[in-house]
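The following pair of complexes shares a single chain, subunit A, combined with subunit B in the former and subunit C in the latter.
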Partner chain A sequence: MAAWLGWVIESNWTDPFLFAVYSIVKPISGAAILVIMYGIISQGNYESALFPYIYLGNAFYIYVGAVMTGVSWAVVDDREHYKTLKYMYIAPIYIPLYLLGRGVARFITGSIAVFITIAAGILFLNVKINFAEVDWLLFFVTLIVGVVMLALLGLLLAGITLTVARHEGFIGEATAGALYIFSGAIFPLDVLPEWLRPVGYFMPTTYWLELLRRSLVGNVAQAFPTLANFSNMEILGVLLALSVFFGTVSIYVFRWCDARARELGLIDRTTNY
Partner chain B sequence: MSASLAIETKDLGRIYKLRGSKKETRKELVALEGVNLTVERGELFGLLGPNGAGKTTLIKVLTTLLAPTSGWARVAGKDVHTEPDLVRPRINMVSGGESSGYGLLTVRENLWMFSQFYGVPSKEANERIEALLEMVGLKDRMNTKSSDLSTGLRQKMNIVRGFLTEPEVLFLDEPTLGLDVGAMRDVRKFILDWLKADKERTLLLTTHYMAEAEELCDRVAIINKGRVLACDKPSVLKQRLQKDALFEIQVSPLNGLTQQNLLDQPEVTKAAISETETGAKLSLSLVEESALARVINLFTQKDVKVMNLTKREPTLEDVFVDLVGRSMAEEEEHGQP
Partner chain C sequence: MDSLKPDTIAALRPYSRKDTGWRLFLKTIIARAYPRIIGQQREVSWLVFDVVMPMLAVISYVLVYRALNAPEEYIGFVVMGGAMTAFWMNILWSMSSQLYWEKEQGNLALYIMAPNSMMAILLGMALGGMLATAMRALAVTLLGMFMFGVTYTVSSYLQLFLVFMLAMVALYGMGMMMASAFLLFGREAWHMANLAQEPIFLASGFYFPIKSLPFWVAAGASVIPLTLGMDAMRQLVFPTGFQFGFMSVQLEIIILAVLSVVFVVTAKILLAYIEKIAVREGRITESRR
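After this line comes the complex of A and B, so read on.
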């Protein structure tokens, strides 16, 4: 039900044609900007292993913004915009599940964007993926684990969003922006100052993006030094462990924030959205 | 707790901590204090008080949206703070004066979605939706996107949302706020019809419309500054004033005549003044009718002309004035923090 509601909200804000154009143009534009920037900096060296590393990292990072902020944004949307959060709260539903359901729609639109971005990269932007060599099992296992992990991180942000009465709309975007730097999405963690790297090593998104790239382009990605000494299974193990850790933390943080919001009277507080 | 009680509160309190500037210490706002109420199953119970009296806060606590800071409350026999998951399937709530709802969904879709959250079978939900929309005169707009509805129609949709799940206890927070007179009448009739259909249904209604409380409620609690000042049947509450003679007097501009001037008259027990376009309206409670002569004499001294004078039966507004010392309008203007 929540997923259906999310999809209606995501897809019905404009007419179907404009929605389709927006869904195609937005990811391609984002990727094109990155490719142009890369082209200028690398002086057109699209054969470098760095290129698919950056391109795929950027493409899959769409999921981080879509799924994670999709879950937390539902709090802002329902509380401030539709003024329905209090009615959801007094309904006999499990609120975390409702919020995760709202994120499903963003997962679907995010998946469309990721597919379009990668397809455009292969067809027009010189991104080379040999489908015969793709490790599909690793790809799908990693994708599913990652999306679940992102949804749970979204729940953590949703909890924090609940307890914040102002500027809560920026929490998801700010977190997604920070993770962009610390997850090795468009550059290896080795580029970061040494004292900042542990932040990246602690983020499950780092291992998730690495595994997705490895599953699609294999050794090219492994040529990068950050996680080069780890096998796919080792990285998958770290990803699973960190996902369980962050997932557990997210559930507890959400519960605490939920109780706190009830104590402070924040569940139906609006700030004239 | 008695099995017949739909709502029970004991010493219920709620204090908000208000944030001031860094230099200021945190201020506290007492929204509810020592509230003791019992509402029987099948009752239409009214909470009457000015804006900011604590009515909405009490509803928030009873609907599990807000934790109390002291005391306890039970709804349908379950503690709202420690057993919220057991309370929620048994209740629903409608807040008036707001246009909540998903504008991208049609009226039917909005209502159907909420019915599913309460586990109402889809076919039954659709039947209920059609019947309820018919009752509030919204059936012909069933497939209209709710964003295309006027505020009043959207409010009617929300009222249907509250009734749709057939709750044991329904909370209506100012349900007619912002509605035009015709829509108000429709909603009040709808509320009474809904209650008549099942004697076990309980409804707690907050309002600051005296006439609404008098017309609808079996019992009324008068609340001000977070405290329940009186609780009884409207007729019993009014009886306490029937020893006094009540007059409503329309006068020209007051020329410095104050409420205190009126209260200084020995036979005037209560006085409320509300300004009008042409002067002022005075509500006076006199020990005996003969005291009216002294009041008229006072008007003459102040060169205040009497334009209309009516003796009337006491209302809940008079009860409020008797309890608080000023009218609800005055209390809203001066009495809130």
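After this line comes the complex of A and C, so read on.
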């Protein structure tokens, strides 16, 4: 029901055609900025291993913004905009599940955007994916683990959002923006200053994006030195371990923030900020 | 009367002067600009977010150029684009969507009922927004210089000043025009503002020279004042910038001047239209959450 509610809120402001355009134009434009930047500097040489690295990293990163921010945004939407969060809290539902459900709608629109961005890359931009060589098992396992990890990170942000009065709308965006830099989404981590790289190594999204690239275009992704010494299974192990760690932290942080929000009467607070 | 306190006497005294005409117009502009400029001083945390968010994009794109071993000019282009992002975001969220927010808060009806000009309110919003955003843009520019060693060599301060001022007038004129247009879109205002980010960053060449786009795409994008404004400023502040120019700086100044007039006049016409239907039908000011 929460997923359906999220979907209706996301999509009912306009007709299906305009909604489809809206869902497609933003991610395609974001990808096109990178493609043009790459094209200018490389003089149109799309054969380099760096191009699919950038393109696929950027495409799958759409999920980070969509899922993680989608879950935390539900708090802002329900508390400030629709003023219904208090009713959700007194209804006989489990709030974390409700918030995760609200994120499902963003997952669906995000999936459409990812699919279209990759399809555009294959059809028009020479992103070479040989479907016969794709490691589908690795791809789907990684995708599922990653989406669950992102949803749990979204829960962490939702907890923090519950307890703050200002800038709650920016929390998700700022986190997604920071992860964009530290996850090696559009450039190898080696480009970062050496003292900042450990931050990237601690982020599960780094391993998630690396595995997704490897499952689709294995040799291209392995051409970069950052994680070249690790096998797919090793990276999957690290991804799982970090996902469990961040997932556990997220659940505890949400519980603490939720209890504090109830105690301080923040559930029905509207700030108009 | 002698036994009353001075405050009470002042409160009982009838208005000695009622501002009308240009004096009311000017005071309205200052009154509406005041919270935008002073509000920022009182809530510094906004400054942090308004600088951090564009900087995250700037850092990402700079590192992409670094990964590609791009010439250093491109790093400067990205920093300038990141700084100008603050103005575009201000136009979208604090100009275009503003009347819509005011409607949601219940202030719009008061604005229309009050004896002041709506045009003065929008001009005040623009002036306040422009000054407050200039601080953020300056912060992004300085951070870019500090973090990435970007240097600027201005070839003509007069032209640079002219380009910047004309770009701002045209841009905020566009914002004033869009404020009325977004109000007419109703519930779609938020989505329209959200949609007008990445596509505009792409079309206007925020992170690369606009000359790299096909001619007609770049020409079409020139309707957005920041496109030509940034193109001209890049030519004026980077030694090799002229190589990346879409048009000559002189021509871009003329086009920006024309855009300024067109947008401000259109804003006035649209504003008169929404005031008319607000009074006649009462639906523009009605909040439908």
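Here is the rule we use: the second predicted complex is superposed on the first by the 272 of 273 C-alpha atoms of A that agree within 3 Å, B and C clash if a C-alpha of one lies under 4 Å from a C-alpha of the other, contacts with A are read in each partner's own complex, and residues count from 1 in each chain.
In this text, a residue touches a chain if its C-beta (ideal position, glycine included) is under 8 Å from a C-beta of that chain, and two chains touch if they have at least 3 such contacts.
In this text, all values refer to a predicted model and were calculated from it rather than measured experimentally.
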Combined model on subunit A where subunit B meets subunit C, clash or fit: fit
Touched partner set for A:124, first subunit B, second subunit C, both or neither: neither
First, second, both or neither for A:202, with subunit B first and subunit C second: neither
Subunit B versus subunit C as contact partner of A:5, first or second or both or neither: first
First, second, both or neither for A:245, with subunit B first and subunit C second: neither
Partner chain(s) touched by A:115 [first = subunit B, second = subunit C, both, neither]: neither
Touching partner for A:33 - first (subunit B), second (subunit C), both, neither: second
Partner chain(s) touched by A:263 [first = subunit B, second = subunit C, both, neither]: first
Following superposition on chain A: angle at subunit A, subunit B versus subunit C, Cα, nearest 10°: 70
Subunit A: partner with more touched residues, subunit B or subunit C: C
First (subunit B), second (subunit C), both or neither touched by A:82: both
Smallest separation in angstrom, by C-alpha atoms, between subunit B and subunit C in the superposition: 5
Interface residues of subunit A shared between complexes with subunit B and subunit C: 13, 82
Contact footprint of subunit C on subunit A as seen in their complex: 13-14, 22, 25-27, 29-30, 32-34, 36-42, 50, 54, 81-82, 166-167, 170, 173-174, 177-178, 180-181, 186-188, 191-192, 272
Contact footprint of subunit A on subunit C as seen in their complex: 43, 45-46, 49, 52-53, 56-57, 59-61, 63-70, 74, 105, 187-188, 191, 194-195, 197-199, 201-202, 206-209, 212-213, 289
Residue ranges of subunit A touching subunit B (in the complex, touch as defined): 1, 4-5, 8-9, 12-13, 82-84, 86-93, 259, 262-263, 265, 267-268
Subunit B to subunit A touching residues, read off their complex: 16, 60, 63-67, 85, 88-89, 91-93, 95, 98-105, 109, 113-114, 116-119, 161
